[in-house]
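First chain A sits with chain B, and in the next complex the same chain sits with chain C.
Entry: the complex of A and B
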């Protein structure tokens, strides 16, 4: 629909008007507030934004694994690429503990997490935990499952797999654990891999190796990736398209080049300014936009970035909800600087 | 691992010996001894003992020797002949007295222990999974009441209820017609019926405690990222619950199993007195009061052994259940 590849084929996943509300003591928090995006076959979409803007909630909502207190609405339409029995379906309409969504989790849409230490249980061997997904979705036969698991471990670059298979997570290094996590996620050949800050917990050299691994596996297996990160460096390296998130909303969305060379939203521009130069210190970023993020509780309709925005238009940005504006057919932004649709003016 | 276990078992021996000496020493610490107690009792009955008679009795019982010598003789007999000495109170060998009460004590303790795990763990899991629901509040409230109610009071209340509902306070462990009867199906049923109240009374506080612990552990575990990972793999909620949070939550509980062994064993004394149960607790209590030193000493020695063994079992379970400790052994 937007990119050229997508014009010929429909998206694998289409998220529309996703809202997640959480009841807090002092009111209802709109943690995710009307998010739209699409994931296309073999492509990587980056979801970038500050801590707490709702990236994890959004990505986990896709396979309905958020905690019960997260009230979710909107639609998440999944259209399987290679399986006729899984025609178009709205994942959000499925029972979150039911059989249908479980047959998609891990098999069609797999996920890897930020902390590979805590994401694995310390009680079972790595092999046991990798085999589990295979045994649910691919084969009941234990021997066969083990064979697949060993192949996967080899594929993610873990040597001495037989021995590693029987080791516990605490016997792995951080980078190895994340590799094992990737092998677990990819063990059932998913069409979509959701990676929620997969390298944040790793040091820089290991980070680069793991990202490289993900890229080469994507080239080999052809899955689409939703990459959640707060690191624009990673975005530049990995993504085809970028969605910039702020306070529960996607404020700008465009192909990766467009975001870097032609950013529109003041927040995106701020992000890019605070980004270190190539080869610079990667541990320091994002924090240099001044001001803090408000809590989206009982907020009147206004731009969430208003308090921190240098270009804000008083009486416009803080009095009404910001509509989405198309810059081009692949580039959209939520900011009044580009909108003709202001209070008092017609369309 | 095997080496570790053997080492630990060997270590038990000196520990128990040391404890036994301390125990022996403490028992004879209070002023007077069995003979002076005995003579006081006799004189109350109108039969005054002369000092000569008392000394003779002391010599007969070996109580005139120095303490370390008495201890040595006692220990030697235990090790070489399995003879734990003589109970002055019962006028029987200590082993005979203990044997008479041990069987039932073991039965009641074990049943209590099973009760305490079987009741507490599922309730703990349930209340954690259903946190802040009516069911959670109900059981949490119940367990607080359980912890706050003194055993003897609960015993009296249950006895009263049983008397008003069934016309029998179910005192003791057997109805009078079965006390001396040979074992039969009916006797077992009678025993089971009589065990309901003691088991509830003895086990309630620790059950309530365990519910709280299990619930807390489960709440911790249910929020761990590994549960989200399991969910993301497509595992069913039921399987996730048992494979990940429950298994992890049980770890510390199972490994403290050894410690609860001796506490349940001793915790029952007051209850046993109130409910008139033929268990070790009251026997031991009287032995200590009357300075029946070999009986008291043997009993305390037995408790010490149980505690040490309990700790040993716990340590082994801990090492066996925790991959981190287990792999350390594999590494060496």
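Entry: the complex of A and C
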């Protein structure tokens, strides 16, 4: 019991002060600006935010597949929980095309991409592409690899696997392709699965199927999931912990119930209010967040949400960088509203 | 108050597909719209929902004549009470009435020409339809731009300089400039971020109130649909399977497909987990639709009758139409209307 507890306390992956800079014509863009989070075994962390907030870049940085233009700094420490040789290593310090990261990428940390149409190569059969990963990481034996691939296809609910194995991606429907992608990602029993908008391109009914599949496979295989999405509905249904990103920063991080029932950051509150929900009051107007997301180019140190924020404090929020404030053990927020209150009130 | 503006009658649309195997034999056309009929009341918002491939976009395009329907009729009731066969309009008359029905497209990144300035984009329908002086055009464009929340000093810029939400406002301004009575919004907010989505939905609602515009709102997102519409039509494989007022549809769905669609929507509430209906299988291929009720292979309540007989769209409650043999017997789960809960 005690070892288990100790293990769960040790995160599989801890990202610290991750920064990604991109040089643009008109200045340097801070696409990701000091992101910290941890991923624990068997848990799901949701990374939620609007387009351009840096959530995809963050997830891709973990397995070093961002383009060369992205200058990445910080640390991403990965602890394998079952292999002594891979005890602890900083993934960022590895050569992005080197042997070490390649033994982790796909094997220990696998990824599902948003567009199942473009993530597969149209020139190879689905079976061929799933087998490739297995042959690189698990077995050199072709027959065995095929057996594993067929098992994986069955596991994600693709019927008639023998026939499907030899088909090309264009012969699969969107939902089927996403299933095939999941089976490919899971074929090497990864410890961490990164899912970048896994169901955005799918219909609600198919989305429900795919989410259900991911949940049951997680229960079966005990992997950790980093779920990147813009859909708060999916977050509510799937995640244990949530990190809300805005303009390259995590503005609020808390367990899922805290985020939905006790949101602190004005942005989180705004997002939750602006979402139409089934069963909501139809006669009322939606609360929208005014304005749009600014470009994080040459930004002075200030709160990125300042211009859209209803509760902004002039002279405070727009003059200095916002520190992280702990509301409780698991709940942190980047907003001056709370750091001031804590100083003022002696509670 | 219940003045009709548009009657869609028995609309069909076939697509001729190329044969993959036979060289000379023409394959049977694929029917993507199958006997679609509905009436549209002035000033209301009718939403059309369904999965991809169900024909909802095709329906929208056939109504604005962006595509020609294979058969069927659309009766347009003009402001002075005339009835016009909209699909058969030609020449001058066509010009006179077609400007009354406009469309907003899904993707604001591809629906605006990158080579035209925003001013040109918005004024183009005006120049095409009316004979106006330059100063009048300028005045109208400025007025509409203000109404839709665009910064007037940016009108000489090109679309690439605008964000997605701003672009969608440009598209809305362009649709509004001819003072249409009906706008078909084809997934008008799907490509936008949540916080921007709410802005655009509010804008559409405000404009409706101000100009008494009727909307056909095509969407796959049920939470938005519930928020914006007065009536909802659920489409499945080219047919309307349920048509009812929003409240009645969401609280008491009568078609199993509607029930499944609603239950599949992930709710932003961590306590409302589980207990969802997960449909098995995929959307059937419209080129080879299942027999009887097209939904039967995925339906949890199917009987022998569903496999053999196509259900007709019939009235099962006050203004509540559904195409299910067992609508009366089934007790389907709707969405609880918890206005108190959502504050």
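What we mean here is this: the second predicted complex is superposed on the first by the 320 of 347 C-alpha atoms of A that agree within 3 Å, B and C clash if a C-alpha of one lies under 4 Å from a C-alpha of the other, contacts with A are read in each partner's own complex, and residues count from 1 in each chain.
As a working rule, contacts are C-beta pairs under 8 Å (C-beta built on N, C-alpha and C of every residue); 3 or more make two chains touch, one makes a residue touch a chain.
Remember, it's a predicted structure, so these values are computed and weren't measured experimentally.
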In the superposed arrangement, which partner chain does A:107 touch: chain B (first), chain C (second), both, or neither?
first
Contacts of A:204 with chain B and chain C, given as first, second, both or neither
second
Counting only touches as set out at the top, which of chain B and chain C does A:19 meet: first, second, both, neither?
neither
In the superposed arrangement, which partner chain does A:123 touch: chain B (first), chain C (second), both, or neither?
first
What's your read, chain B or chain C touching more residues of chain A?
C
Does chain B (first) or chain C (second) touch A:63, or do both, or does neither?
first
A:233 contacts which: chain B (first), chain C (second), both, neither?
second
Once the shared chain is lined up, is A:184 touching chain B (first), chain C (second), both, or neither of them?
first
Return first, second, both or neither, reflecting whether A:292 touches chain B, chain C, both chains, or no partner chain.
second
Chain A to chain B touching residues, read off their complex
60, 63, 65, 97, 102-107, 110-111, 113, 115, 118-125, 129, 132-133, 136-137, 167-168, 170-171, 184
Chain B residues within the chain A interface of the complex
224-226, 228-237, 243-244, 247-248, 251, 323-324, 327
Residues of chain C touching chain A in the complex
51-52, 163-166, 193-199, 201-202, 205, 220, 222-224, 226-228, 246, 250, 260-273, 276, 278-279, 282-283, 335-339, 341-342
Touch list for chain A against partner chain C, complex:
50-51, 173-176, 203-209, 211-212, 230-237, 256-257, 260, 270-272, 274-282, 285-290, 292-293
